[in-house]
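In what follows, structures are represented as structure tokens.
Common to both upcoming complexes is chain A, partnered first by chain B, then by chain C.
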Partner chain A sequence: MSALAVLAVGIVVLLAIAAGGLVTRRGAVIYGACLAVTAAMAVTAAMALALPAASMVLPIGLPGLGAHLRLDALAAWFALIVNGGAAAASLYALGAGAREPEPGRVLPFYAALLAGMNLVVLADDAYIFLFAWEVMSLASWALVMSRHRAAENARAGYVYLVMAGFGTLALLLGFALLASGGGLAFDAMRAAHLAGWPAGLGLGLVLLGAGSKAGLVPLHVWLPLADPVAPPHVAALMSGVVTKVAVYGFIRIVFDLLGPPEWWWSLPVLIIGGMTAAVGVLHALMERDLQRLLAYSTIENIGIIFLTLGLALAFRANAMPAAAALALTAGLFHAGNHMLAKSVLFFGAGAVLGATGERNIERLGGLIHRMPVSSACFLLASVAIAALPPLNGFASEWLTFQAIFVSPALPQWGLKLLVPATGTLLALAAALVAACFVRAFGILYLGRPRSTVAETAAETDRFSLAAMIGLGALCIACGLFPGVVIDALAPVTQLLVGGAMPVQWQSAWLTIIPTAGATGSYNGLMIGLFLALVTIGTALTIHAVAGRRTRRARPWDCGYPNLGPATQYTAASLSQPIRRVFSSIVLRSSEVVDMPPPGTLRAASVRKTIHDPAWEALFAPLAAAMSGVAGWLNQFQYLTIRRYLLMVFGLLVILLIIVGMVP
Partner chain B sequence: MHSLSFDIAHMLSGGLVLASFLMLYQDRLPSLINMLALQAMMLGLSVAWQAITQDAPHLYITAALAIGFKAIAIPMALRRIIVKLDIHRQIETVGGIGRTMLAGIGLVALALQVVLPVTSASDALAREDIALALSVVLLGMLMMVTRRNAVSQIIGFMSLENGIILAATGARGMPLVVEISVAFSVLIAFIVVGVFLFRIRERFDTVDVTALDQLREDST
Partner chain C sequence: MIGGIVLQGVQMALVLLLAPLLTGFVRKLKAHMLRRRGPPLLQPYRDFRRLLAKEAIVADSASWVFRAAPYVVFAATWVAAALVPTYATGLVFSWSGDLIAITALLGLARFAQTLAGLDVGTSFGGIGTSRELLFAALAEPAMIMITFTVALVAGSTQLSAIAATMLTYTVGLRVSLALALIALIIVALAENARIPVDNPATHLELTMVHEAMVLEYSGRHLAMVDLAASVKLLLYVSLLACLFTPLGLAPPDAGIGAYALGLAAYGVKLAGAGAMLGVFEVSIAKMRVFRVPNFLGIALMLGFLGTLLLFVSRSL
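For the complex of A and B:
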């Protein structure tokens, strides 16, 4: 049986599991089945990476069209990401799903979401693609609404549904444009290339459609609302995997179907990517809600991925296949890395939420003593996502910077100026991400507990730990041996940009060489070994030299034994300098200090406010206009019979007049 | 071209339009019903004349239906209804007779302007017929829009339907079944509306349709 057939059967089985979720409330059965199926599918997808493209037509779907499925290297890579993330989330859910108050609201939609995502990746005609896209959107909406009684969740679900509908509409229009040349099948679209302004319009529509799903600024507003309110394993899927499926949709359409790119296509992608990276991390740095912090960090990473895609477009348009392959490899690699790290982070956040019931990091702290294993995994994933060597995040971001360093070779002056500018944004974002996760980890796990729930927390269950440890190990493996991943991605870049990075496996000491003849190189293994040696050596030295006597003291008590935990650094105080420097302009953050005059017994207070410019400049006016128009139209629902007659009569007369005037 | 048959057909269809104009400013219901009967009579004669000139015997049936039902039966029933409802002495305020008449004249001009250029290929009789029929339809709608009393609105609807029958018979070769079905549907509409009138009256003590709107909470 071919790999494609295995994946197709897997989708059918997932749908059957979704139907089973309607029958049984036993999460262990559903999640166990999902874990088995997605793990098998992930292995199949990994093996299919190196295989030639295979396709099949099933006699379902639109009459006369059928369902076209195709598994090429790109689809295989994203199928690997989807199923890898799904398998980890299912494993995590084996433990965490038991804490779910109403499993009947989650189980069927969870399996349906997995099936939908897989079908998007395998789809080879516009109808199946959009159908699967909608299955994915609606299933994840149902999951967001699984705890629908809170008003906040209902609002998140509404915003998510609106944005999903908007995105699908944009994609629908984009496909209509693409299908004008031949038919709905992707093969016909590949054969009939668009050129000139229709291609630009198609790019814009795809950027809107896929970008709204991926969380590009300014279409990101649904992500920080929807992700935190979903169950933890679903939040991990939505942040780590659903956004990657959106990235896949963008790559599939723009690199594969839209035809040979022109250099200016890369401009909007680069600008939006850079903006997304910077704005996302600034928001993450200000956030107190742990899940929302992670959601904003997802936005930042999506920005990085789109930045690399923009670079790849620019290089490909200028016939620089090696550089394009470098940029695209960086983006694809980063997509996988982000899935790994972000899933662990969401699992860790879910474990904290399950142990304490608290999402506000200002009320947590000191959890490293009570949740040692999950805190270690969280730390590892933080290091990975903050792009520190020797972990995988650094490898992919290093490749991104290498691609940016090639940009002076581009002939267009616009790109020559823009790419370094976005590179600066990327560097800024990378530094801020490090600060953001220092803050998140430090406030969450270090110091002293700031509430009783944090004091009484206990380590999470072993399934959750197994999922976190497994993905964490993959983070380390991909960080130490990035060459394996880069070589595995060579068929994908060969398919999309007609070039590939040099084969890394044969290079001496497994050093990464970005392009043939490049001066810079990186060796994750060496750096990892060096760091390990230095760390161990330092620890041994300290223990050998320092005295044996140890004294345990409470952190942040400044030498006074009876100071409360409020004396510690808080999340807000840690991020205040950055808030003052950057966010006062970008996010219009402001602080109001209310200091009562002497003699008054009122408590003093500091109130800080943050504005999301995307929400206020784009969505709020849009929503106000929409509700204004709707309210104005509403009065036509309540007219008298005579007025309705009058409207019909008036319209008839007007039409007759038009007919009479235009013979 | 301007033969006697054309002139007679023209006169009869013109009579329908004239009856529509007469209806527009009748402020008493009994006289309004008389005008409707007059219009239906003109319609019957017009259809009968069409039957002679087109040599289509089935149109005699249509003519007989028009005269029997619309000129005699329905007006009688309407008279009984208004007597029962005790509104036969009421005077209905018809807002601005002059303006209504001007609007009606404008509508007739519009109908002629629209129909005559479009149907230039067909014969003169059908053209004039259709143009005048459209005028009758538009005047009937105008009447429905300007009146507040439910009975007058029904009469406007009946007069609108007369225009439709006129158009149908003017076109050569329209099968009988179409005309009969239109006539019957109007009859059924009349019965249903008649039943509703009494229900409305029972509930609201009036057949002024503005009373219906007061029931609705959020009408503007």
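For the complex of A and C:
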């Protein structure tokens, strides 16, 4: 049986599991089945990476069209990301799902979401693609609404539904444009690719459609609302995997179906990518709700991925396949890395939520003593997502910087000016991410507990820990052996940009090199080994020379002992300098300090406000305009009969004039 | 191969052994210029030995992060320093990381250090961490832009290759390199907690940045933190020397004479840089914390300008 057939059967089984979720309330059965199926599908997808493209037509779907499915290298890579993330989330849910208050609202939609995402990746005609896209959107909407009784959740669900509907509409129009040349099947679109302004319009529609699902600024507003209110394992899926499916949709349409790119296509992608990275991380730095913080961090990473895609488009338009392959490899690698790290982070956040019932990090602290294993996994994933060596996040970021480094060869002036600017934004974002995760980990797990729930928290269950440890190990493996991942991505770049990075497996000591002949190189294995050896060696040497005498005492704190936990820095105070320097411009953050004069008994207060420019500049006016128009139209409901008759008569006259004018 | 490993080992030992000396030299020089006698030149070594002999006091609320951090900080800094050419280029492990990797290794050290600052849960640890994160948020991107600038001039991000290109005299004087030099000096001052950004000699409570972060450390842990700080200072001096005054650097597979010359040149460069640092520090005042972002913003802007110039024309 071919790999494609295995994946297709897997989708059918997932749908059957979804149906089973309607019958049984036992999470263990459903999640166990999902784990088995998605793990098998992940293995199949990994093996299919190196295989030639395979396609099949099933006699379902639109009459006369059928359902086209295709598995090429790009689909295989994203099927690997989808099913890898899904398997980890299912394993996590075996433990965490048991804490779900109403499993009946989660189980059927969970399996349906997995089936929908897999079908998007395999779809080879516009009808199946959009159908699967909608299944994915609606299933995740239902999951967001699974705890619908809180007003906040209902609002999140509403915003999510509106944004999902908007995105699908944009994709629908985009596919209509693409299908104008031949038909709905992707093969026909590839053969009759667009050119000129229709292609540019198609790019814009795809940016809107896929970008709204991926969380690009300014269409990101649903992500930080929806992620926190979904059950933890679903939040991990939505942040780590659903956004990657959106990235897949963008790559599939723009790199594969839309035809040879023009150089200016890269401009909007680069600008939006850079903006998304910077705005996402600044929001994350200001956030005190752990799940929302992680959601904003997802937005930032999506920005980085789109930045690399923009670079790849520019290189491809200028017939530089080696550089295009470098940029595209960086983006695809980063997509996988982000899935790994962000899933662990959401699992850790879910474990904290389960143990304390608290999402506000200001009321936690000191959890490293109570939750040693999950905190270690969270720390590892933080290092990975902060792009620090020797883990995987740095490997993909290094490739991104190398791609920027070769971009002065681009001939267009627009790009010559824009690429250094986006490079600066990327460098800023990279530094701010590290600050963001020092803050998240430091306030959440380190320090002294700020509440009794934090003091009495307990470590989470074994299934959750297994999922976190498994993905954490993959973070380390991809960081030490980035060459393996790069080589695995070679068929994908060959397919999309007609070039590939040099074969890394053969280079001496498994060093990775960005382009043939480049002297810049990085060796994750060597750096990792060196770091480990020096750390352990130094610790052992120092202990041998100086002994291990250690005395536990009260904190010194410059001679102020016995100060309570409330004197610690909080998350808000930790990021206050960064807020003052960066956010006062971008997010228009402001502080109002109310210090009563001596003698008054009023309490002093500090109030800080943060504005989301996207929400205020785009959505609030849009909503206001909508309700204004609706209010204006509303008056036509309460007119007298004479006025209605007058309007009917006037309309009739106008129609007669038009009919008369048309020959 | 064996010879290569020996040369690499010499480099690693060199940076480790010379680092406290450079710190002591700068201290002694500053004291002299202030008409004080100052501590002996070898005082940092004595401090190290004395701290090792003491017991380590660890706060009740500290976790394993606090105890592991000094070793991680030291390891990341030392590995980074081992990748910067000091007396010879093209050492056997020099290809395992380029300038971007060196920046990221220092980022790893900072990650561990700032977490340790938060671990005990005191207000001073928090204040130091908070400010360090702000400075890093500007200094690190500035460093990346400097990397781009020098790498675009030399056509490589690998330090050995950059130094080799700079040695060929075809580079000449360039605007972009001048911008990168100023930016790198600013970043080096900020990263090493020197005046005007931070004062390495102060324990004046409200002005501390680096010292506030490591306030809870004692004994062997403090010894490692101090040693790592010295190595970091040496690393930045070596980086400046390797990028902008690569004279005397021994090429790969050179003879023993070239290596001796490289060592001598390196000593001269260290002394010169240390003297300049000392003179600079006594002749300038520390600035307020919220003026530092402007100072570092200059570095970021200069780095960006340098890169932009090179995107526009490879000859600028």
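Here is the rule we go by: the second predicted complex is superposed on the first by the 624 of 663 C-alpha atoms of A that agree within 3 Å, B and C clash if a C-alpha of one lies under 4 Å from a C-alpha of the other, contacts with A are read in each partner's own complex, and residues count from 1 in each chain.
Note that a contact is a pair of C-beta atoms (placed from the backbone, for glycine too) under 8 Å apart; a residue touches a chain by one contact, two chains touch by 3 or more.
Bear in mind that the values here come from a model prediction, so they are computed numbers and not experimental data.
Trainee: Is A:V653 touching anything from chain B or chain C once the two structures are fitted on A? First, second, both or neither.
Mentor: first
Trainee: In the overlay, answer first, second, both or neither for which of chain B and chain C A:P613 touches.
Mentor: Once the two structures are laid over each other on A, A:P613 reaches no partner at all.
Trainee: Contact-wise, after the overlay, does A:I368 reach chain B, chain C, both or neither (first, second, both, neither)?
Mentor: Only chain C is touched by A:I368; chain B is not.
Trainee: Who does A:I641 touch here: chain B (first), chain C (second), both, or neither?
Mentor: In the superposition, A:I641 contacts chain B only.
Trainee: Looking only at contacts as defined up top, I'd like to know whether chain B or chain C touches more of chain A.
Mentor: Between chain B and chain C, C touches the greater number of residues in chain A.
Trainee: Counting only touches as set out at the top, which of chain B and chain C does A:G498 meet: first, second, both, neither?
Mentor: The answer is neither, since A:G498 touches no partner chain.
Trainee: In the superposed arrangement, which partner chain does A:V383 touch: chain B (first), chain C (second), both, or neither?
Mentor: second
Trainee: Can A:P596 be said to touch chain B (first), chain C (second), both, or neither?
Mentor: After superposition on chain A, A:P596 lies in contact with neither partner.
Trainee: Could you pull out which chain A residues touch chain C in their complex?
Mentor: It is residues 365-366, 368-369, 379, 383, 386-389, 394, 397-398, 401-402, 404-405, 407-408, 416-417, 419-421, 423-424, 427-428, 430-432, 434-435, 438-439, 441-443, 446-448, 509, 511, 518-523, 526-527, 530-531, 534-535, 538-539, 542, 545-546, 549-558, 560, 563, 565, 567-569, 573-578, 580-582 of chain A that touch chain C.
Trainee: Provide the residue numbers of chain C that touch chain A in the complex, in ascending order.
Mentor: Within the complex, chain C contacts chain A at residues 52-53, 55-61, 63-65, 68, 71-72, 74-76, 78-79, 82, 93, 95-98, 100-101, 104-105, 107-108, 110-111, 114-115, 117-127, 129-131, 133-134, 136-141, 144-145, 147-148, 151-152, 155-158, 161, 203, 205, 215-216, 219-220, 223-224, 289-290, 293, 300, 304, 307-308, 310-312, 314.
Trainee: Write out the stretch or stretches of chain B touching chain A in their complex.
Mentor: For this pair, the touching residues of chain B are 107, 110-111, 113-114, 117-118, 138, 141-142, 144-145, 148, 209-210, 212-213, 216, 218-220.
Trainee: In the complex of these two chains, what residues of chain A are touching chain B?
Mentor: 635, 638-642, 645-646, 648-649, 652-653, 656-657, 659-660, 663
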